[in-house]
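Take this structure first; my questions come after.
The first chain written gets the first letter, and so on, giving A, B and C; residue counts start at 1 in each chain.
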């Protein structure tokens, strides 16, 4: 299920007729969200979930907050073995961190090879200065970054954002997969690096 | 992810010493079980679960019954959008029946009608290298392919050919449906790609 | 940009991070400094040590000796990091060694700005290097987490929209080829080791002949037609040499922007060319 689903799916009959879609009134939004989260295999955006259950975004947001608290044991029940996290621009069920060790034997997910130091540094440059061309990355890293950029593209951590119509230079940006793999929800959660650069960074204006 | 997890896991030191394995004492069995059940793809046998958490079978059975009641709302909490059911000798979390319609609608609107580039590439790899395990695909594609393999299985384009008795790794093969989509009668009609690989393909000797 | 370097000192990354790497990393033994390379960098960025007192060639020799004792990927990482830093330091040192005098004219200001720019670049490089450790930590931590990601229940599969297949047989084969072609492994190009020797003097003669016509010329124009990197490098070094002889002036409006070169020599004779590039062994 992709987040870009809407663009490729035909409109349903309900859309065409303008009839109201969504869950019946007697079903609690939180329960419907729980059901959907059981089949989702990637983070689900609030907007996507709201469309799925046919309720306003605020209602969905409130229900998600309720579920988070519920699973954390704040609603009187036990602190569940799973939790609801907002990661990579959406919501998803995770095993609670302290139980990761317990479930490890039950899943054989192959974690991809670790990134080299050069790839990590290049990734950091792209994350903070995106969209950025290969040439601009190279001038910060002061080395040729072609193969590293290819690796990052291959891993789906960065993507080609656009091509400058004048210079023909491809500009790169990070993906939601990167956010997911970092366990953060948006680029705003990247550590601020400006204190290190404030004094010497004029001429490098847009570094956060 | 499979119920045959034990066969592929290296024995831990604890095994070797004959010491009891499993979850730390302070962790409730029910919490460990719900963590496992949240990520397990296949129904889990009571015996397998007992081994996983290192507790007696009766304790696990009791905890499972407790979870079923809990999710059904019998423990004071809400009647969850999901339920725990025993099917074919194993336990698995399913969407609760009365929410099927909500989930169906969601799945319908969220599933793209076209395969993603990543899915197509993975499918192509499977077509040319079948039967092939998920790990082998991942090492060729240099990315985690779990969700893509699930999509292809769900689309009926690939199928589980066999499970390696030694490693427990499931091997995948393409289906008749793929041949139909490609407009060919057998895999022999796939264009040969080896000549093109000759130049840089060492390590890929068995590509047809 | 032409502020005093001291005001920038607080911006320098803490020495602590340098100390962490110290036990395992590369150490430098010089008359003016004895300790880990990273600390040397910290001190230089804090201006507690004068860059002009450091013999970079001695540091490089020591580094090469150190590298021989290393093995595997560490070696490559350390080597590339050293190169990045060394190149920046070299730029910076060149700027430091060039004549300065009092702050009397625009050129001196420009020179100081160039130094600060290099300094900023070094800081920026170190900032990204430091923050990359955060990326590494997060990636590892998150790879240990388990998200629910299970196969869709059969009863829901039937509701997925019918597949629209648009890939031709040939495209399919091309995709397979694309996916199975091994990703290029980064290699260090060795071609330059066998590159024919290029004379800075000859390249300087070419540069001089272009510039003496009187009109300002951009660096891009100066290297037009150069089909080898070595020629470009030689022309660039020739320009630096000519600058040392006060034969040319530079103008660059923004970092990495177009570099314009003017002929400023008052008493130039082609005899000057004879000694040009002597420092480079030719």
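Keep this in mind: a contact is a pair of C-beta atoms (placed from the backbone, for glycine too) under 8 Å apart; a residue touches a chain by one contact, two chains touch by 3 or more.
What you see is a predicted model; the values in this text were computed from it and never measured.
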item: Chain whose Cα mean lies nearest the overall Cα mean; value: A
item: Centroid comparison with subunit A (C-alpha atoms), farthest chain; value: C
item: Subunit B and subunit C, separation of their C-alpha mean positions in angstrom; value: 46
item: Rounded Å distance between subunit A and subunit C, as computed from the means of their C-alpha atoms; value: 33
item: Distance from the mean Cα position of subunit B to that of subunit A, given in whole angstrom; value: 22
item: Residue numbers of subunit A (touch at least two other chains); value: 8-10, 37-39, 41-42, 82, 93, 95, 103, 107, 109, 111, 154
item: Shared-contact residues (touching 2 or more other chains) in subunit C; value: 146-150, 152-153, 156, 161, 164, 183
item: Complex contact set, residues of subunit B against subunit C; value: 1, 38-41, 94-95, 100, 103-105, 107-108, 111-115, 120-122, 124-125, 127-129, 140-142, 146-147, 150, 153-155, 157, 181-184, 189-191, 193, 196-197, 200-201, 203-204, 207
item: Contact footprint of subunit A on subunit B as seen in their complex; value: 1-2, 5-6, 8-9, 23, 27-28, 30-36, 38-40, 44, 52-53, 70, 75-82, 93-96, 98-99, 102-103, 105-114, 116, 118, 134-135, 138, 142-144, 146-147, 150
item: Interface residues, subunit C side, partner subunit B - complex; value: 146-153, 155-157, 159-167, 169-170, 172-173, 175-183
item: Complex contact set, residues of subunit C against subunit A; value: 1, 7-8, 10-11, 13, 73, 77, 80-81, 83-84, 87-88, 116-117, 119-121, 123-136, 138-150, 152-153, 156, 161, 164, 183-186, 254-256
